[in-house]
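One chain, chain A, appears in both complexes that follow, with chain B as partner in the first and chain C in the second.
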Partner chain A sequence: MTTATVITKKERDWHRVGTTLLWALTMLVIGLAAALFGNSYQVTLLVNLAVTLILTLSLNFVVGYSGQFSLAHAAFFGVGAYTSAVLSKTLGVPPILALPIALIVVATLSTIVGIPAARFHGYYLAVATLAFSILIEIIVRQSPSVTGGAYGLQQIPYLDLFGRIEGHAYGIVAVVVFVVFFLAHNNLLRSRLGRAITAVRDNPAASAAAGINVMHTRLFGFVISATAAALAGWLHAFYHRALNPMLFSAEWTFIWLFMVLVGGIGHWQGVVLGTVLLAILPEFLGFATDQTILMVGVLMIAAALFAPRGLGGFLDRIAAKMRS
Partner chain B sequence: MTASIIQVLLSGAQAGIIYGLLALSYYVILSASNILNFAQGEWMMIAAVSGAVLIASGLPYPLTILLSVVIATTLAVTAERLIVRPLEQRGASLTVVILALFGVMIVVRYSTALFFGRQEEPLEGPFGNEVLAVGDSIFLPVQSLVVYAIGAATFVGVNLFLRHTWLGRGLRVAAIDSYGAQVIGIDLNRVRLVAFGLGGLISAIVGWLYGPLYAAGYLIGATPGIKGFIALFIGGMASPWGALVGGLFLGITEVTASRFLPSIYAEGLAFFILILVFLFRPTGLLRRRTS
Partner chain C sequence: MLAVPSQMGVLNVQSLSKSFGGLRAVSDVSLVLEDRRIHGLIGPNGAGKSTMFGLIAGDLRPDSGAVTFGGRDITTMPVHERARIGMARTFQIANVFESMTVWDNVLIGAERHDNLGIARSILWHSSPAPSVAARVRETLDLVGIAELADVPASFMTFGQQRLLAAARAMAAKPKLLLLDEPAAGLSGPEIEALTSAIRHLRSNGTTVIVVEHNMKLVMGLCEHIAVMNLGKKIAEGSPSEIKNSRAVSEAYLGR
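And now, the complex of A and B:
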C-alpha cells in the first residue's frame, strides 16, 4: 500500500528548489561541453540521450507520480515526430512552428484516449493505450501516401533558427530543450497541480474530499506526459531527418519503462541516472537482437525482485547517511 | 449469400472462441489477484511449440498433448511462485508486478526464439488438418470442430469449477473482496497460485486449438494474447461469460469485416472497437446484474 501522507519528508527534501537548480546546472554544463567538444558520434549520442531523458522522465511522471499505466508512449513519440516531419516536409511549415502543432495534435489524441480511462481507474488506461498504440502503428504503415508506409519518411527539412541547425548546434539545442523541459517538469511537480496528481495517486477518496477533481487530475497527468513525448518526437525528427514506423513499436515503451524501473519509479533523480546509464550503452538500444531483448527481460524481473526502488532507493540511502 | 453468411459465422465463431478462452484466462487471474498478466499469450505459444518439438521427437501423439500442456501450465505456476508471490508478499506496487510479468513475457518469448529458432512449423491437429465440405460452398476444417467442442467444454468446466468447488468459490470470493476473503480463512496466496495455474492451463489448451490452424512459432502468442484481453474488456468483467461474449463479438466482427472490407481495416478493427467500447460503454457489453 502507498502511504497516506501525500508528500513524505524524503520527497520534500528532493523537491527543494536548490536541488533542481543544481541538477539543471550540472546537466546543462556537461551537456553543452559534450555538444561543443564531442565528435559527431558523441553528438548523436547526446541528442538521443536528451530525447530519451524527456521520454523516461515523462513516462515516470505518468507511471510514478500519477500512478497510471500508460503503454502508448512510443505512439505519442511517433505521432509527435511524424506530425512535425509531415508538416515541414509536405506542407512546408517551418520546423519551429511544427512544434506547437505537433504538441496540440498529441494533446488532443491523448485526451480522447484518456477520458474513459480517467473515469475508470485500474487497467483501463493500460489497455486503452496499448490498443491505441497498435492501432496507430497499423494506420501509419497502411497510409503510405502521407507517412511513407513501411518505408518511412526521408529528407525531412533541417531545423532553421537564424541559419541551419545541425551537428554541434543541434546538440546545443537538444541540451537546452531538455533542460527547459526538466525545469518545467520539476516546477510542475511542486505546483498545485503536481501535488494534486500525487495526492490522487496516494488516496483518490481523500483527494476528492479535499476538493480535487480526481478525473481531471488523472487526465491532466496523462495528457501532460503524452505531450512531452511529442516534444521528444519533434527533437528526434529534425536531428535524424528520417523516420520509419519502427518508432511506434510498443517495445520501445517497454524499454523506457525498464529504464524507469531501474532508475526507481516515481523518483526523478534515479530516473535521470538510470536513463543516462542505460542509454549510453548504445548496444543496449541500437540492436534489438533476440539476446539483448532477452537480457532486458531478465533484468526487468531481477530489478523488480531485488531492487524494486531502483537507483532512486540507493540515492535516498546515501542522502540519509550524509544527513546523519 | 446464405452460405457465405454461414461460412463467416463459422469462422468468426472459431476465432471468437479462441479469443474468448484467452479472455477467460485473463479473467480468472484478474479476478483472483487484480493482476492483468500480459504474459498470458505465451503459455499457448509454449504448448504449441513444445508440442511441435515433442511430435518431431517421435513421442506418441496423446502423450505429446498431455506433456506440452503440463509444461506450459507448470511454467505459469512457476512464474507465480517465483516472481509474483515474493513481490506480493513484500507489498510491491502493481506497477512493479506488471513490469516483472512483462519481463516474464519477454524472457519466455525470446528464449523460445533462441532455442527453437524463429521459424514457424505446422502443428498436427488431434484429428488431422483436413477440410470438410458441407454442400458446395461451405468449408469447415476438422480442427474447427475441435475448437467448438473443446472451447465449449472448457467454458463449462471453468464455470463449474468456479461455482461448485471450494477453490473456485474461494477465487470468486477473493475477487469480490480480498480482505473479507482473508477474514473468512481463504489463503490468498493459494487462490493466486490456482488462478495462475488455471489461466495457464486454459492458455495451453488454446495453444492446441490455435496452433493446428496457424502454426507453432515463438511469436504466435503475441496477437491472440492482445486480442484476448481486448475481448475481455469488450465483453466486460461482470462474469466469466463476459469473456465469451467479448470473444465471439470480436471474432465474428473481425471475420465479417475481413470478408467485406479491405484487410487493412480488419487488422485494426479490434483496437478501434475497444476504444469505442471504452468511450460509450466502459464496463463492457455484459453488465453485472444488480439486485
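And now, the complex of A and C:
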C-alpha cells in the first residue's frame, strides 16, 4: 500500500509539471507566431493580452490562492507604468534598467500598504485597497510637474535591446516576458511557500500551529501580486509609449476581476482561458469599449448559471468525465 | 531561595493563573512534563483543562505564572514560533486545510517554515526533499490514512479529518505533542490507530500531553495523569494512583 501511494504521488507530480510545461510551450508557440506573422493591430492585441494575463494571473494569485480581496491592482499597475515612464523620459534611465527600479518601487509601496492591510479581512480589505487605489489616482492627477497630470505622459522613449524594440519585436518580448512570468507563477504555486499561502487562506490557526508566520505569508502574497502588476505596467508603458491617469481607474481592477471570476477563481488554467476569451472576443465581435462591460456582465450571468466555478470548474468536470 | 523543581521536565508550568472576567479558569497550577512520557490532563466539565491547554499551546496569555520549554521562557511566544522550536498541537475542532489533499496537509506539517524561501520558490521548480516526503508517507501509514493520500481533506469524514490533523502535528517530529481531546468523534479502530501512533512517537523521543474526556483512553495510554477541578490541580500520579484517589472520585461524583 505504501509503495502504491508513492507511485501515485510521483505520477501526479509529473503530470502537474507536464501540464505547466505544455501550457507554457503552447502559449509560447501561439504567441510567437502571432508576434511574427500578425499585422500591427494583431501585435497590439497580443501585447495587451500578455499584459492582461500577467494582471489577471497575479490578481487571481492574491484573491484566489492567498484569499485576500485586494482591489488595488490598477494602482500598482499604474505606478509600475508611470515609474518606468518617468524614469526613462524625465531622468534618462534606460528602459531595461527602469524595470528593476519600478518593481522595487511597487514592492516597497505595496509593503507599506500591505502591513496594515494584512490585518484587514474580506470586505474591509477590499474597501481599504479600493480607497488606496483612488487616492493614488488623485495624487497622479494632482502632480502635473511629475506625471503630466490629466494629460499624462507622451513620447516615452523606446525600449532598447541591441536596437529599438517596437512592433513585431515588442510582441516577441511581450510573449517571452509573459511565459517567464507564467513559469515563475507556477513554480511559486507548487513550492513550499505556495502551499503555505494556500494553507493560510484555508485555515490561519492550523497554519500557525504548523510553524507558518501568518502575517508574513499574507503580506508576501499581497506584495508579490502587486509587483507582478508593476511588471505588466512596465510592459505596457514601453509599447504604447503614452500614459494617462485613466490607467489607474479602479474600473480596470473590476474588469480583471471579472476575467478571473469567469475563468474560475483559484484555478490558473481557467483564468488564462477566461482572460484570453474576454480580452480577444470583444475585438472580434466589434464591441465598443462601453459595451465590453455589458458583455462581461452577460458572461458573468452565464457563468453563474452554467459554470458556477468558472471555466476552470467546467474544465475539471470535462476532465473527470473523460477519465471515467 | 527560589523553589527549584526537583526534576526539570521538557515543559515546566509554574503557577499559572488565568481569569475571564470574574471567573478564575486556572488558578495557580504548576505542572512538569517529563521527557519521553505520555501525560494526561483530565477533569470534569469546567475544570479549566481547555484554558490550561490554551495557555500551554500559546492561544492564551496567563495573568501570572510562566511556561518554560527546554529551559526557555515561552510564556508570551507566538504560536508559530512555538511550533518552530518543537511544539506541535491539535485543536478541539478538526482544523485541516480543506482545499488541499491529505498528502499536502501532512506535508505542510512535515516541512519547516522558518523562512519564506522567496527566491527559491519563484526561480526553482522545487519538490519536497525525499526525507520530508518519506516522513509524510510514514505518518500517513502510522495513523492509517495512507490510502486517502490523494483525496481532498474536505471529502473526509469528521473522524478522518481529526486523524489528519493529528498526523499533521506528528509529521513535524515534535519534541512535545499537545493533543486536545484527540479521540472525540473517532471510531473504535480510529482510536486504536491514534493511540498506537502516539505510542510510536513517544518511543521515538516525543513527549506527549493529552487533554481528554475518554477515561478509558487516558487510563490505557497515559503514564502520568494530572487532574484539575474548578481551576485547580487536585491530584497527579500514575493511572492506578488516580483511580484510587479520593479527591478525584469526589470531584467527578461528589462526596
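The criterion applied here is as follows: the second predicted complex is superposed on the first by the 278 of 324 C-alpha atoms of A that agree within 3 Å, B and C clash if a C-alpha of one lies under 4 Å from a C-alpha of the other, contacts with A are read in each partner's own complex, and residues count from 1 in each chain.
FYI, a residue touches a chain if its C-beta (ideal position, glycine included) is under 8 Å from a C-beta of that chain, and two chains touch if they have at least 3 such contacts.
Everything numeric in this text was worked out from a predicted model, so none of it was measured.
Novice: Figure out whether A:N187 sits in contact with chain B (first) or chain C (second), or with both, or with neither.
Specialist: Second partner only.
Novice: Now for A:I138: first (chain B), second (chain C), both, or neither, which partner does it touch?
Specialist: first
Novice: So, does A:P308 touch the first partner chain B, the second partner chain C, both, or neither?
Specialist: first
Novice: Applying the document's definition of touch, where does A:F69 land relative to chain B and chain C: first, second, both, or neither?
Specialist: Once the two structures are laid over each other on A, A:F69 reaches chain B alone.
Novice: Which partner does A:L22 reach: the first (chain B), the second (chain C), both, or neither?
Specialist: After superposing on A, A:L22 lies clear of both chain B and chain C.
Novice: Scan A:A209 for contacts with chain B and chain C and give back first, second, both or neither.
Specialist: second
Novice: Answer with first, second, both or neither: which of chain B and chain C does A:V146 touch in the superposed model?
Specialist: A:V146: touches no partner chain.
Novice: Given the touch rule stated above, what does A:L261 touch, chain B (first), chain C (second), both, or neither?
Specialist: Touch partner of A:L261: chain B, not chain C.
Novice: Pick out the shared contact residues on chain A: the ones touching chain B in one complex and chain C in the other.
Specialist: Dual-contact residues (chain A): 1-2.
Novice: Can you list the residues on chain A that touch chain C in the complex?
Specialist: 1-2, 5-6, 8-9, 12-13, 17, 184, 187-188, 190-196, 198-199, 201-203, 205-214, 216-217, 220, 224, 266
Novice: Contact residues on chain B for chain A in the complex?
Specialist: 30, 36, 83, 86-87, 90-93, 95-100, 102-107, 110-111, 113-114, 118, 226, 229-230, 233, 264, 267-268, 270-272, 274-275, 278-279, 282-283
Novice: Enumerate the contact residues on chain C facing chain A in the complex.
Specialist: For chain C paired with chain A, touching residues are 57, 78-80, 83-84, 88-91, 95-100, 103-104, 107-109, 111-114, 116-118, 120-128, 133, 137, 140-141, 146-147, 149-150, 165, 168-169, 172.
Novice: What residues of chain A sit close enough to touch chain B in their complex?
Specialist: 1-2, 63-64, 67, 69, 112-113, 115-117, 119-120, 123-124, 126-128, 130-132, 134-135, 138-139, 142, 254, 257-258, 261, 265, 290-291, 293-294, 296-301, 304-305, 308
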